[in-house]
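First subunit A sits with subunit B, and in the next complex the same chain sits with subunit C.
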Partner chain A sequence: MDITSLFAQFLSGLTYGTILFLVAAGLSLIFGVMNILNFAHAALWLMGAYFSYTFWSWMQGYSFAFWLSIPLAGLAAAAVGWVMEVVLIKRIYKRELYEQLLITYCIALILSDTIKLTWGVTNKLIVRPEIIQKPVFIFGAPLDSYFLFVIASGAAVAIGLWWFLKYTRYGHIVKAAVYSREMVGALGIPIPRIDTWVFTLGIFLAGFAGGIQAPIGSITLGMDTAIIIQAFCVVVIGGFGSLLGTLVGSLIVGEVMSFTILFWPEGAMVLIFVITAAILIVRPWGLFGTPMRT
Partner chain B sequence: MKNKYLFPVILFLLAVALPFIVPEFWVHVLTEILIMGLFAASFNMIFGYMGQLSFGHAAYYGVGAYTTGLLMVKANVPLLVCLPLSMLSAGLCAAVLGYFCVKLRGIYFAILTMAFGQLVYYIIFQWYSFTGGDNGLQGIVPPAFLGKAANPYYFFTLIVVTLGMIALWIISESPFGYTMRAIRDNAERTEFIGINVQRYMHLNFIIAAVFAGLAGALWGPFNRSVAPDLCSWQHSGMPVFMTVMGGPFNFLGPLIGSAIYTLLMAFVTSFTEYWPMVSGIVIIVVVLVMPGGLLGLLRDRLPFLRQNVGRAKETNG
Partner chain C sequence: MDLRKTAAFFVTVITCLFFFGMTGAKAAEPYNLGVALGLTGTGALYSADQVEAVKLAVEEINAKGGFLGKHKIELFIRDTQTKPDVGVREVKDLILRDKIKAVINDYSSAVALAVKPIAQEYKVLHIAAISNSENITKINPSPYTFQVVPNTYMQGKASAVAVAKMAKQKGWKEYITIASDYEWGRSTQAEVVKVLKEMVPNLSLKKEFWPRLGEAQFTSYITGIMAMKPDFVFGVLASNDNVAWMEQAKTYGFFDKIAYPGSLISVTELILQAKTLPRNIIALTRAPFFAHLDNPMMADFVKNYRAKYNKFPSDWAVLGYDAVYALKQGVEKANSIDTEKVKDSMKGLTVNLTRGKLAFRTIDNQLSCSSYVGTITDDPKYPFPIYKDIVEVKGSESERPESEILEARKAEKK
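Here is the complex of A and B:
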């Protein structure tokens, strides 16, 4: 196998890893702060993809339609997420684990059917602008030019989140809340409001990721059920609540998938779950997480 | 006869009488209720009695289903021989995977069981030459002596499920069952009085998987086929739904939950394809309004439902 095709494989892994990172970043953030494992995350991701399609078709005449519809999809999903938090999720922070999992799982079921009711069962396709229709060549390896944008957006989100957590006041509060909610509350910071905004931010990221995903292939129902479990794997490998961990975890999953497909296509997903299980057994809090309250 | 046996006996008599009254379609639904009820009851050994949430219990159900399916399709082994072998294979699977699961608690337990469940799912899904991959296995038929009608297989299922439920009841009322409750309520203290908590949990995990395997084995001949979806994480969610609907802190809760869920599904799917949405709304309401499930709600009013298991879990984690 020559170096160019290996590099091409690396690039495809990087792309897939970036997509996973965009989905998993919000998941990890929400779990880190509120201890809620959000089953509905991928459903909102898929909803983001459909929102992006709708905005794109509304603005089809304009050259910026394609690019603008992606952040708009994030905002629309965030609005749904905000409603979800205020109406339902708020009630279950103090409930038992199984109740939290069931509620978010049921929300996922409801959202999936809502998507079906709203957008129908036919696949949706966003036509890309001319500038990103041809592949680019990096060291001789072909890469879909849209993937450059995907990777750049992933990097931008990673840097943006890192900056937010490191340099802003709200970022500091969020980081402190990952460590101890009680202490943050005791300092007079309104935890319920922080919860709402962290949740909304997490869902914004999911919707934004959906918008990014939309032009890659056609948008189909049921895309969310496979990716939610992979996003869980990413978060488990990297460590709940750790941004760096989520980044590393998604790159590991993306590259492992990409390279296993070369040598042992049937085993790609199996290997991902073996790695996830191994991490859980040896280091339940993940590569970059900190041992947490259970 | 003591009061606490009254309710199960009424249920059993009802189960015997119903197929003679209702049309054939509903006999199929009843069969499904029984199979899923045993599956949910086996899940509740881990959830209600051990206090851990397994989100990968369908793996053992699926292993049981595939053991029977493969043996019947490829080797023509009679169903009565397949049932114990399915229990054995599911148990062996759980002996290996459960060993790791019981080292973890809470959310980590839930995710590890889910990861293992998906592992089993993808192995079955990808192993075309052996399992038929996503095509599944077709042509699994009930044994000839049961004929082709719905009723005989229903009664066969009723006998097997009843025996399974009695076995689970005996286990849950044994000293072992009370040790599990102690572990659920306070694992640390249980360890202090000299009980090897992990070993007990591992054993309980295996027991739960064995009966999930039995339920799975019944599914193949009932549905005439098995598919990898039986192991998927969505299918692992079903016993959770059923148990929460019926009441996790009551032995018969999961079975009642299976009846509610399956009947509701049969009813709702007859006029809309949006069953997931309906089930989602119903379960959210159940969780928010009656956390003890239906039996939990009735418990205080109907004294014959009151059992030791019925005591609400007070300690958390």
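Here is the complex of A and C:
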């Protein structure tokens, strides 16, 4: 196995990791701040992919259609997320975890059927612009040229979130809320409103990630069930609520998948679950998380 | 004429007419036909087409009074979600509640295999028209289960025969397989490997990849396979998985570097990926309408299907249509809608279908139908590419020998 091939495999892992990061970032953010394990996250991700398809078909003919439809998908999903939070999620913050899981799981089922009713059962294909139909070569290793954009978007989201949490007032409030909601509330900051916006931001990320995923293959029903499991693995490995953890966790899952496919294809998925299980036993709060607040 | 006599005459005539009308108007028992397909999940794409074609066939037959001109067909359509447990539940419900006499099922071979014993238990005809695992008819055969689609062995053999010819021609030495990790993927891959070994003994299988059913991200497989530099890759990926794989592999320039014959590219993919499908790759399919347009039944079907649905029929539509017409001819031969009689009459029956005159094999109720291998090429007649230089590998050329089937059954019993 030559070094170029290994590098190509590394790039594949990186792109897969980036896709997972984009999905898991919102999931982790919502859990970290609001303590809600949102099972419907991937359904909103899938909805984002379908939104992206719709916007793309509306604007077809314009050169910017392809690119603009991705952030628009994020906004459309965010709108759905906002309604969801205000109408439903708001009422279940104080409930037991299993009740929250049941409710968000129900929402996932409802959203899946809504997607089926809205967009039908045939899968959707977004045709890429000419310039990203050919591979690029990085040190001789081929890479789907669209993935340059995917990796850049992943990096932009990571940096953007980091900057938001570190340097903005709202970021500080959100971070403080991760540690003690009561304290933040006591300071006169309206926690419910913060919750709404954090949830909406998390769902924006899901929709945006869905928009990014859309042109990679075809958009099909049921895609969400596979990715939600892997996104959970990512946040378990990295630690719920930790941005850095989510990033590292995604890259670990992406690269482990990629290289086990090369050397031990039968065990690719198994290995991820073994790692996840090991982390759960040894360090239940993940690599970069903090032990769960009570 | 005496007034009373006249009145009596009219009364008699009217009474006669009345009773005549009664018997005429009283429709014979309807024929309840179930369709249980994976309308959601991975099979949604193919199953939706099949349902449309089944509806068309039923409308045509009902327009002529139904089966035998008097038994109107009533359709009961259910979603198996491409899951065996749901499939069993839905089919049972169709049998018990809707009293169906036959069921067209399924997209997934795993579901069809689960439904087979149920159909047998309740004595209901079971016609597989998309799912095509050989095991549906090979082992534990049910006299109630019929398959109108070329099975995995036939398809594998057909494409393997074509690939073997190419390998010999081009001096290929090493290859890799990538197949969906479930019943159909596993059994097809196994058959292909076996046939290639027999026909080209010096060809070696370098690696096997088994992405799970429903995989959406193939990037790592693509770069991994490209790193191994095989002479060719044999793919056994279905439906949406195949769409994702083709799209992603293409953007890596995969098909420019590595020969990729034998993938299942049905008319659905030809239409859906018209703009993006790589041209000149060699592919395989089960029932492309354009291979049989010289058959009037196919020509009419394509015309009517287009008129009704405003699109060209996919393989799955052709197969669904054929399934209903095979059943119709079974009923006609039995001259009854009694399931026991129809089941017996269909055994070994030669039927006229859109794909020509084809016979069910007596040993396993598998329709002896063709597989089609060809080169993906643009055609000005269609808004999508079609197969050029089609090699129609007949059922008789690609079926598993009966002796092997008997052996497999014996082995299964032990």
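The criterion applied here is as follows: the second predicted complex is superposed on the first by the 293 of 294 C-alpha atoms of A that agree within 3 Å, B and C clash if a C-alpha of one lies under 4 Å from a C-alpha of the other, contacts with A are read in each partner's own complex, and residues count from 1 in each chain.
The rule is simple: a residue touches a chain if its C-beta (ideal position, glycine included) is under 8 Å from a C-beta of that chain, and two chains touch if they have at least 3 such contacts.
Bear in mind the structure is a predicted one, so any value in this text is a computation, not a measurement.
Novice: Tell me which partner A:Leu117 touches in the superposition: subunit B (first), subunit C (second), both or neither.
Specialist: first
Novice: After superposition on the shared chain, which partner residues are touched by A:Leu109: those of subunit B (first), subunit C (second), both, or neither?
Specialist: Touch status of A:Leu109: first partner only.
Novice: In the overlaid three-chain picture, which partner chain does A:Leu11 touch, first (subunit B) or second (subunit C), both, or neither?
Specialist: The answer is second: A:Leu11 touches subunit C but not subunit B.
Novice: Can A:Tyr146 be said to touch subunit B (first), subunit C (second), both, or neither?
Specialist: Only subunit C; A:Tyr146 stays clear of subunit B.
Novice: State whether A:Ile261 touches subunit B only (first), subunit C only (second), both chains, or neither.
Specialist: A:Ile261: touches subunit C, not subunit B.
Novice: First (subunit B), second (subunit C), both or neither: which does A:Met269 touch?
Specialist: After superposition on chain A, A:Met269 lies in contact with both partners, subunit B and subunit C.
Novice: Under the stated touch criterion, which partner chain does A:Ile216 make contact with: subunit B (first), subunit C (second), both, or neither?
Specialist: Only subunit C is touched by A:Ile216; subunit B is not.
Novice: With the two complexes superposed on chain A, say which partner A:Arg91 touches: subunit B (first), subunit C (second), both, or neither.
Specialist: first
Novice: Name the contact category of A:Glu130: first (subunit B only), second (subunit C only), both, or neither.
Specialist: neither
Novice: Which residues would you name on subunit A as touching subunit B in one complex and subunit C in the other?
Specialist: 116, 225, 266, 269
Novice: Any idea which subunit A residues touch subunit C in the complex?
Specialist: 1-2, 5-6, 8-9, 11-13, 15-16, 19, 116, 121-123, 125, 127-128, 132-135, 141-147, 213, 216-218, 220-223, 225-227, 257-258, 261-262, 265-266, 269
Novice: Where on subunit B does subunit A make contact in their complex?
Specialist: Per the stated touch rule, the residues are 47, 53, 55, 100, 103-108, 110-112, 114-116, 118-119, 122-123, 126-127, 233-234, 237, 240-241, 244, 274, 276-277, 279-281, 283-284, 287-288, 291, 316-317.
Novice: Quick one: which bits of subunit C touch subunit A in the complex? Just the residue numbers, please.
Specialist: 39-42, 44-45, 48, 207-210, 212, 214-224, 226-227, 240, 243-245, 247-248, 250-253, 272-273, 275-276
Novice: Provide the residue numbers of subunit A that touch subunit B in the complex, in ascending order.
Specialist: 35, 37, 88, 91-92, 95-99, 101-103, 105-110, 112-114, 116-117, 225, 229, 232-233, 236, 266-267, 269-270, 273-274, 276-277, 280-281, 284, 294
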